[in-house]
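Same chain, two partners: chain A is paired with chain B first, then with chain C.
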Partner chain A sequence: MTIQAITLADNKGLKISISERFDFSLHQQFRDSYLNYNDKGAEFTLDLSNTTYMDSSALGMILLLKDHADKLSGKLVISKPNDAINKILEIAQFHRLMPIEV
Partner chain B sequence: MKVNVKQFALFGILTIVLALVNLWIIESNTILVFTYIVILAIFITIYLKKNKNDIDNRQVNTSDSTAAAHDEVAYAALAQLSAFLTQEIEVIDNELERTRGLVQDAVGGISTSFKSLQHLSTDQQRLIGIIIDNGNSIGDESGSTLASFVKDSSNTLEDFVKVIVSTSKQSLETMAFTDEMVNQFQSIFNLLAQVESLASQTNLLALNAAIEAARAGDAGRGFAVVANEVRALSVSSTELNQDIRNEISSAQEIIAKLRASVEIMASADMTSTLEAKDKVSSMMAHVGKANAQTGKVVDDMAQLVPQIVDTVGIGIRSLQFEDLTYQTLASLKSNIDAVHEISNELNAITEAGSGDLTTHLASFEEKCQKMIKQTKDDNHQRTVSQASMAEGEIDLF
Partner chain C sequence: MSLSSTKNNFKLALVVDDSPMQCRVLGVLLKEEGYRVFTANDGERGVAMYIKYKPDLVLMDINMPVMDGYEATRKIKSFSRTSLCPLIFITSMDSDQAFIESIDAGGDGILVRPFSPEVFKAKIKSIQRISDLYGQVKRLQQEQQQDAELAEQLMSGVIESRNYALDRIGIVKKAAALFSGDIQLTALGPNGDVNILLGDFTGHGLRSSIGAIPLAETFRAMTKKGFSLFEIITQVNRQLHNLLPPDLFLGAAFVTISSHDASANIFNAGLPDCYIYDQFGEIKHRILSSHPPMGVLPNLLDNSKPSVVVVGESDRIILISDGIVEARNDVGEMFEFERFEKATKQGVLAGNVSKSVLDAVNDFCQHMPQEDDISLIDIPCSGWQQTFTVSNVTKDTLINSRKQVTNAESPAWTWNLKLTGKRLALINPIPMAMNQIQDIEGNAEHWQSLFTILTELFVNSLDHGVLDLNSDLKDSPEGFVEYFSERDKRLQLLDSEFVDIQLDYFPFDLGGKLLVKISDSGEGFDYRKKQLARQTESHENMQLSGRGIELVKQLCQSIDYYDGGRAVEAAYVWSS
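What follows is the complex of A and B.
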């Protein structure tokens, strides 16, 4: 499994972890991981600590997740990207759109 | 005879000393020269006074013929002294004139070179300004600088990344819709399967009906026709179903192609963008550094200009020495003129060649005293007026 979605204990949020490559092949899986999570004010955490590669479709997927979170008046936090991934997020100016916890 | 020997010795010393004076003048040590001339004048006066006393004493003790002989010797000595003075004065005069000329030429040259130095420095500053302007521009018509070009590139790159990301997002949305559509197709296939099953049941029923009609014989003949038609319809219906299935299958193939192309659209590799961004960033840093350096150089150069102006000013102020030297030469000239006057006086006595030497010498002594007083006063005035060069400002001349 390259995508793991864990509902947090207090049921207040969803943690999605991506391992190794975050690219187009995951789009269906990624979408399915959050599409049925519809709690108001939910906090989504995208754990990228094990992600080693990311292309532009990953950025698109993150934006769609962000849209989903916004629709629920919730929020999205990106957690622990490595240097290379963080650089891509910076170039795409994602730090202006969502908090990135290094 | 005793007096003659004394005179002779004295003149010997005077000649040597005057020769030394000549040397000093060439070395232009004007104050020493002047001092020496004053001492010389005093010395001559003292000597002449003493001589006069001697003559007075002798007049009492010696006969007239001896006195006449003494006068003759004295006149000859005075003539020699006068000739010597005239010659030396002429030499000193010439040397003074030569010094004046040399100073004038040198000062003219130095002054011109300072002025052109000032102009050259201004030109240099202007040219360096042009170089800096050229270095900053990238040669287009709107006068963009390297810095603004790099900034534009950075903005363009950011816009480009934005487009990539938004394209990816839209493509993924498209993909989601496509997936929904594929699911819809699956439902259609399920419905088609039900229709097929209906058709096959109809076919079976029509077959049964045909069999029953055959068993009924003539009475069932009409019904057999109907049953056959129903069966034919069920077969057509099955064929139609198959056609629909085939069409939808080709639609699915097209959707697979659509997926592939949307995938390409959505997944742009960011590596090259990252590299470009890194390049632009390092270029920005470089331009910033280069600009800072250029700014510093320009500042340094701007500071150099007043320094050059100051230095040139010091040089020009130092050229005051021309004025001071002229003043010194002028007073030296007036001193020489004084000596010349004494010399003329002496000349007048020797030219007369006869008469009462005592009377002549008495008036000569008076003249000498007057001259000494006058040159002393002049010298005092000059020392007061000639202050240091460093004092006061002087403009270009």
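What follows is the complex of A and C.
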């Protein structure tokens, strides 16, 4: 299982964890993981602590998740990317769009 | 168009069996299913019939004289690699061995006698269903391939073949898919500046190509009209945001290399570091990504602007997309920046950056399949100076033609724009002025010179008049950068200050004259002293500043300052 989505206690948000490769092949699975989570003000956490590779379509998928969170007046936080992944996020200047917790 | 070979609405079946009796029985069942049937009594004839009739289905016995069923099947399958003609073995050999060998030989199924007519027909139906699906996939794949080829043709033919100075700017492009998500554009501005873009659209293939054409159009049209790099970036970002879905965007580096300022403007939005190398292969500057990729946000973030970098004559600007540094070898290691920088250094010293980097990447990856597009742009920092020459002969004919026209006292048209305060900080009036001229008088080569005149005079009024910046600052590389940061600061504070531009157009029999009048709210300057100082300077002394006005003098018939240096009037004359 490369994508795991866990609803946090008290329905406070959704934590999506991705292991190994985060690329275009996960497109549908990734969308499905959050599309039915529609609580107002929801906080989405994208846990990248076990992600080893990410390509530019993954960046696009993150933006789609952010769109979803914005529509719910919610929030998206990226959590614990490794150095290589963080470098990619940095090049794309994603820290100016959403908080990244190292 | 229908996909499978429904020749005359019949499907063709080939039955290969050495027993005429078996052939007849199977033939009857197949006819009931709507097939036309051909038969062959040994493997070799079977292969020959297959080649001749290209059937939609083959039924094959195993034990036959001359050539057995396995051998015949291998031959048939070697002819039909691109289309799936299902082949079923019909046999009484009820053994695992027979089953395994028939599939190994290329059979798509096996039917063991005895079987009822119903089971036979069901088998035929199921195998035909799979074959239809295969045909459908094949057709879709071909359509996709054709679309991709069309896009590829468009990209290289329409977009990239129109690039400027391909002989001087080194461009490497190695697409991962047939159609690359990377795009490389170069275009010449009206004042001799060259704009360069390296972009990397999300993903590969056709999907990543949809933004390429509008991007190229905007980049070219705005460069040609003389918009600044910042204005182009602002527009590209807005356009891609409006046009593309949220998960599709463009990592891009934009560069303007200036023809007479010895400087470059560089903006990196989502690409790996841009480099400036000196002639010894040492890295002088890195320009890091400072903005999310183009199209992510509706508007550029506040305070985002291109970096101004002073470049030496033998420096090179190198742009890359992430495909180079992320290229992998057979043990999964990435090429990384260290290897790239080393290969670039060797390339600079050897005078061929593109080749050196590409060779190093190929050596490293060996025969590993390429995962991402690989692109690089190598820009030399010298050789862009445009030489404006006005021949004396032309000048003479002009003056003569002017004498003949004595009634040209009042202009044919006048255009005027006065920008005040905030608007002055935000709006670039030069493209508007050029648009006016071209709308009324049409396109002409010599408007390039006029663009230079307008730009230089306007910038002088704004920078030295309104903003009171001292151009001596620009004499040193450090001061050069300081100059631009101070300029930005002062622009923010504009309130009631203004610059007024007026154009008066006088048509002649053999050409015309344009009077450019620019005045500003500044303190003015002692233009007589300035002129004197300039005359005593050696012509060999190539300074970083002050060359603009010299250029204007060369291009204009006359240039006069008045109102204490707060107003300038330049006359540009041309012959047609």
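The rule is simple: the second predicted complex is superposed on the first by the 102 of 102 C-alpha atoms of A that agree within 3 Å, B and C clash if a C-alpha of one lies under 4 Å from a C-alpha of the other, contacts with A are read in each partner's own complex, and residues count from 1 in each chain.
Keep in mind that, in the parts below, a contact is a pair of C-beta atoms (placed from the backbone, for glycine too) under 8 Å apart; a residue touches a chain by one contact, two chains touch by 3 or more.
Quick caveat: nothing in here was measured; it's all calculated off a predicted structure.
Trainee: Quick check on the superposition: with chain A as the shared anchor, is it clash or fit for chain B versus chain C?
Mentor: Result for chain B and chain C: clash.
Trainee: Name the contact category of A:D55: first (chain B only), second (chain C only), both, or neither.
Mentor: both
Trainee: Name the contact category of A:V77: first (chain B only), second (chain C only), both, or neither.
Mentor: neither
Trainee: Let me test your reading of the model: by the given contact rule, A:A92 touches which partner, first (chain B), second (chain C), both or neither?
Mentor: Both partners, chain B and chain C.
Trainee: Quick check on the superposed pair: does A:L63 touch chain B, chain C, both, or neither? Answer first, second, both or neither.
Mentor: both
Trainee: Pick one for A:I3: touches chain B only (first), chain C only (second), both, or neither.
Mentor: Neither partner.
Trainee: Who does A:L26 touch here: chain B (first), chain C (second), both, or neither?
Mentor: After superposition on chain A, A:L26 lies in contact with neither partner.
Trainee: After superposing on chain A, which of these stretches of chain B ends up overlapping chain C: 153-161, 189-197, 225-233 or 387-395?
Mentor: The overlap with chain C comes from chain B residues 153-161.
Trainee: Using the superposition described at the top, list the residues of chain A that contact chain B and also contact chain C.
Mentor: Shared contact residues on chain A (touching chain B in one complex, chain C in the other): 24, 55-57, 59-61, 63-64, 88, 91-93.
Trainee: Show me the residue ranges of chain A that touch chain B in the complex, using the header's touch definition.
Mentor: Of all residues in chain A, those touching chain B are 23-24, 27-28, 31, 54-57, 59-61, 63-64, 84, 87-88, 91-93.
Trainee: In the complex of these two chains, what residues of chain A are touching chain C?
Mentor: Counting only chain A, the residues touching chain C are 24, 55-57, 59-61, 63-64, 67, 88, 90-94, 96-97.
Trainee: Give the list of chain B residues in touch with chain A in this complex.
Mentor: Touching chain A from chain B are residues 158, 161-162, 164-173, 175-176, 179, 263, 266-270, 273-274, 277.
Trainee: Within the complex, which stretch of chain C touches chain A?
Mentor: That would be residues 200, 202-203, 246-249, 251, 269-272, 289-293, 296-297, 301, 322, 372 of chain C.
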